[in-house]
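Shared between the two complexes below is chain A, which pairs with chain B and chain C, respectively.
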Partner chain A sequence: MSQFSILLHYEWRHFRAARGLVLLTSLLLVVGLYGIYYGTTEVARQRRHLAELPALTRHSEAELRRKFAGPADAGEIGYYHYTFARHQPSPWASLALGQRDVNPYYLKLRLLGLQGQLYASENVNPTKVLSGNFDLAFVLVYLFPLLIIALCFNMLSHERELGILPLLLAQPLRPGVLVAAKLTFRGGLVLGLALGLSAVGLAWAGVPLDGRVALWLALVGLYCLFWLGVALVVAAWQRSSAVNAVALLGAWLLLLVLVPSLLQVCVAAAHPVPQGLALTMQQREAIHGGWDRPKTATMTRFFARYPQYRDTATIRERFAWRWYYAFQYLGDQSVAPLAAAYTQGQQQRHALVAHLGWLSPALSAQTSLNALAGTDLPAHLAFQRSATRYHDALRAFYYPFLFKKIPFTHADYARLPTHAFASPADLGTAARGLWQLLGGVGAVYLLGWALLRGRAVAPR
Partner chain B sequence: MLTSIAQKEFISTLRDRRFVGLSLLVLGLLLAATLVGRRGYAALQQERAAAQHTVNEQFAHQPGRHPHRVAHYGSFAFRPKSGLSFLDVGIDSFTGAAVYLEAHQQNSVNFSPAQQAGSLIRFGELTVAFVLQALVPLLIIFLCFSAFTEERETGTLRLLLSQGATMRQIAWGKIRGYSQAVALVVGPALGLAAALLFAAGSPARGLDLGLRLGLFGLGYAAYFFVVIVGAVVVSARQQHARSALVLLLGCWMLGCVILPKITANLGAHFYPATTKAQLDAEVHAETQRGIDGHNPHDAHVAAITAALLRKYHVASEKELPVSVNGIVMAEGEAYSSRVYQAHFAALNRTYARQNALADWAGWLNPYQAIRPLSMGLVGSDFAHYVHFQQAAEAYRYQLVQRLNGLQTRMGYGDKERRLGAATWQNIAPFAYQAPPVGWALPALLGPALALLAWVIGLSWLGLKLVERTPL
Partner chain C sequence: MSYILEAKDLRKQYPDKLALKGLNLQLAPGEVFCLLGQNGAGKSTTINLFLGFIEPTAGAAFINGLEVASNALKIKQYLAYIPENVLLYPHLTGLENLSLLSSLAGFKYRESELRDYLGQAGLPAEAMARRVGTYSKGMRQKVGIASAVAKHAQVLLLDEPTSGLDPKASNEFSELLRQLSGQGTAVFMATHDIFRAKEVGTRVGIMREGELVDVRPTTALNTNELEQLYLTYMQ
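Right, the complex of A and B next:
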């Protein structure tokens, strides 16, 4: 048996004897399984709710059929009929729920102005979302570093403090081999656990077997390697166990708590998002002003955008639905620059955070996992764009009825456009995160290696 | 003896370079969090106040309109930040800032800061409360984990005991010494917070804010005391400094990271809440059974008209001094509001049930006792949020009903006429008054008692354990 495998063997026996560590490792295994269970049930719940929505639309249609027994004015139907833009989660969402609990995963749409409907929020328990989600990504990003710290904080110092290290080093054994064996054993344990849990999670969530699986595993593996590297640096620094524990926990606090929260302050200062409040206020002014403006002025502005309806009858009556929907649409148009600025501001913030991921591997790991699962802000913005297109399709469907005065019959309900949207994976962000992690891993191992080379392992 | 032990601990702590470094870091973070929080608070507050002002101006300066048009035009209610929320943002980042107030329906409170941020916000925010709740306990752990183990390892514990000191006395002395050291770190930040508060605050709210800040300080004092006693007890019971540190850090992770999240998730799992779509559909189905103000063929309308004709002894609607439409609108609004209120109350009850598990966990985990206490005192918890929601709804209801009243007095044929622009200036705008501390206290009794139980229980049981520790 080679020296290395003997060392590995004894590390294993040592680990088995340390009841606390075995307990901690099994606890993490259980907690990881709970995270997978929680994530999958949460996404299943969202899927169930999404599946219930068409029934609500059908129910309202049945009501409208009763209310308007014969052919009806499409304006009435457009006012009362509602339908849903649905944001279907990808199977990956079960593993990293991201912002899916904060951002609404469906939008109720009517033919009215879109901007008044696009930012509606879903019922959420704020106290619960404040505590956050206990999904697999949380276990991997938050808790695995803690396991690594618990396993590694006394990697060399323990033996030194017990006085075993001089005995060990008196053997024909290079200190580098000793450190490598210790790190390999711990790395094998942690990586086995992290990748094993990921495999269970991937299978449980039923993700399709494509390149994303490899990307996920690579991200998780690199992230664990990074923390093992930090432990190596601290071990090579050769202080007492207590100092090591403090240093490692300090690194955890720094990278998982302080850097993200300070970054948040900086990002908010660098890109102040034009608030949505101004947007809704202006949209209301524009739409309600529509009632007071002369009808011909409204219709001229509308026809400039929809010349195909220019030849329709002039509105002389006090109220006409086509005039009503024209000023609803013009209200949306009048706030279009504000809406674009609002979305762009959010996008810029997100991009800046993704760029600054190298400041904290935890941040880049979390951002990448969310990006992979399509649960972060870009996915939500994509959903909003898709909902906007759906609203456009609804308008395009109703306008001929309204302007050409075609009666809306019962058969027309079935012809209403429907909507489908599935979370896209943001592979660019995930790949960038991978490079950032790779850089971090390279940096810590280089530093650890340099420290070990620069200063011999002191037996005492 | 007790005093001299306390003094020794205090002085040796101050001489410990590691502690000084860490405390400076924590103090720096606290001060930074106070200033950043204050700035963010001022920015949000100003933004919302400006928005509220704009909306009120817009409402007052409407042209001549029919009152029901005005009811649909509606208004907005912006939630002002509570004066102390720069110390603890609580759930404010996850609750909306603005609610649109209009006739016939109650809208959701939209535009929460969390929706505008990416997942970065889920790492937590740097607030004074976060530093106090999570980081100061870590500082305490690093300060106290070797309280007894070091004395034992260097053999000074025997010397102390041979001087006639009891284990209990030594423990109390250490607790006092460490408490003084912690107060030295936390005190300046709270002082700064108080100074910022009273430099800018209006004197009218001064007493209320002062009381809230005082209780806030008191709550955290109790929390830190619990952590210090716990750490000293663990240090006494463990043979080695290393195992004491690992055990304490494990407790910190369990208490500050894992348990809060798990209890919140389990609560939501056991008591699923209805979705907005479902709630809207249920409300709609129920209001259908009531009166629809916009439907002239509604059966209820005929009954109301008949009753009015009898009341005013006239033969036709034209002769009535009031507008049937206005009365029907008012009836419909009263009915639909009741339905909405019942559903929102049910939803809030579900949330309360979801949160109950986390609240009860305060008896097991001091972190989960101080967190609701802190949020509640500062005015950034769920109860204060609901208070705002209800105030906004009460305003909405009285606004719409007042407009319906105006419509009623317009008499027959109101739809063809408008009311003058001056009418809208007489309607009072939405002004939100945050509830006083006395309103918030009863709900905070649970976490306060849990914290108190920790203080008493740990002082009694923990010190008993210390006393019985074999040398």
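Right, the complex of A and C next:
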């Protein structure tokens, strides 16, 4: 039996004797299982809501069928009929809810101006949103480092403070072997727990067994290895357990709270985006101004975009649905540059944060896990683009009825466009996160190794 | 003549103090060298240099002909160390602590053999399977002694080993040292205990302010003369 195996065996004995650590590890196991339960429950709730939406649309249609028993003006139908753009979560969303709690996962759409509808969402209690999601990704990214700190803060200092280190080092034992055995035992425990919880989460969520599974496990494994490496650096620094604990908690605070917060502030300053409220207000003003503008001016601008309807009858009546929908459309067009700047700014902010992930492995891990689960900002923006295309399809469906004065019959309800959108995984961002974590792991182990090589382990 | 332990112009300079001023010393197998001196005289520094725990500023320490600084791992196969206060894993039993230390030294013993070593060191049988956290200082010291014996070391480095032992245990320890010495083990013992030094030592050295100021064979002095000599140097 090698010295390494002997030390590993005794590490297990030491761990079993430390009841506080056993309790903490068990607690994290329970918390991890709760995180999986929370995520799957939340996604199941969202799926249930999404599944109920077609029934609401059918209900709306049933009411319109009753209200308009015969052929109707499509303008009336377009005004009252509502449908939904639905953002279906992938099974991965259960493991990393990302922004699915703050961004709407469905949009109620009518034929009116789109921009106001894109940002309309259910009212939520901000204090509930503030606390964030308690999903598996949260447990892995935020709580696992705390377990690693609890397991490793006295990795070498414990023996020194206990007074047994001189006796151990008086044996033909390389200090490196002692440190390696300690780190291996703790690494095995942490990785076993993190990867085990991930396996349970993946099975529970019913994710398909493809390359993303390996990517998730690699991200989780590297993130844990990074924190174990930080603990190695602190252990190699050879200070007291109390100093080590303070240093590790400081690193946790720095990498999980301070750096991400500062990064968000800097990124927001680097890429200012127009306020969503300003965008909505401008669109509302443009649409409401449509009532007061001359109809010919409105229709001329509209026909410039839709020349196929230029030859339709001139509007002489006081109100016409096609004029109404034309200035709704023009209201959207008036804020198009602002909306594009808003979306582009958000994308740029996200991209910059993802690029600077190397500054905080926690940020990198969280961004990567969200990207893998399709619950990040790009996924939401993709959903918004999909909803925009759906609204365009609705316009394209209704406009011939409006401009060619075709009566809307009951049979036409079945021809209304439908929407389907499933979260895409951003493998590029996840892969970049993997490289960033790999770099972080390399850096901390190199530093730890250099410190151990450069400074002999002091037995006292 | 080949020496099992040797110091050649061994110096150790700490940032604030010159702890050892060119120590020259040789121990042959079976010899028991007792180093007397006040606290801070350089006794523990000398032991730490032989253990390779610290590096000399100048000169060299040798164990079995190997320079300690460049063979820090190899030389530990030949030596055993008992500090003034043996501290062990408190949640493990005496048997388990001994098993760990022996295993790391490369000796895999059965439980009966471990019990023999602990018994030889004077640990009561009923205490062997008890957690070390319940042990007295003297009992822990006996586990340390057992680990040194179980290692079959050629050199024993002892730093105030009988500190905290009761007179009976100290006497048993002296007897054990005599046995080991008879088997060819060289013993280097730093101590304040003049009586014990005279009793078990073959030579005594007196260290003052990092300097070995006198070395005498124990046969040349009785206990009173040794005490007088020591007090003279300490004035």
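Quick note on the criterion: the second predicted complex is superposed on the first by the 460 of 460 C-alpha atoms of A that agree within 3 Å, B and C clash if a C-alpha of one lies under 4 Å from a C-alpha of the other, contacts with A are read in each partner's own complex, and residues count from 1 in each chain.
Note that a contact is a pair of C-beta atoms (placed from the backbone, for glycine too) under 8 Å apart; a residue touches a chain by one contact, two chains touch by 3 or more.
On a predicted model such as this, the values are computed, not experimentally measured, just so you know.
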item: Partner chain(s) touched by A:392 [first = chain B, second = chain C, both, neither]; value: neither
item: Touching partner for A:13 - first (chain B), second (chain C), both, neither; value: second
item: Which of chain B and chain C A:122 touches, first, second, both or neither; value: first
item: Chain C versus chain B, contacts on chain A by residue; value: B
item: In the complex with chain A, residue positions of chain C that touch it; value: 51, 53, 55, 73-74, 76-77, 79-81, 83, 85-92, 96, 100-101, 103-106, 108, 144, 147, 151, 157
item: Chain A-touching residues of chain B, taken from the complex the two chains share; value: 18, 29, 36, 40, 47-48, 51, 54-55, 58, 63, 65, 69, 72-74, 76, 78, 90-91, 93-98, 100, 107-112, 114-126, 130, 134-135, 138, 142, 145-146, 241-242, 245-246, 249-250, 253, 257-258, 260-265, 267-269, 272-281, 284, 288, 347, 351, 354-355, 358, 381-382, 385
item: Partner chain B, residues of chain A touching it in the complex; value: 20, 24, 31, 34, 38, 41, 45, 49, 52-53, 56, 59-60, 63, 84, 98-99, 102-104, 106, 108, 116, 119-134, 138, 142-143, 146, 150, 154, 161, 241-242, 245-246, 249, 253, 256-258, 260-265, 267-268, 273, 275-278, 280-281, 284-285, 288, 291-292, 346, 349-350, 353, 362-363, 366-367, 370, 375-377
item: Touch list for chain A against partner chain C, complex; value: 1, 3, 6-7, 10, 13-14, 17, 162-164, 166-174, 456, 458-460
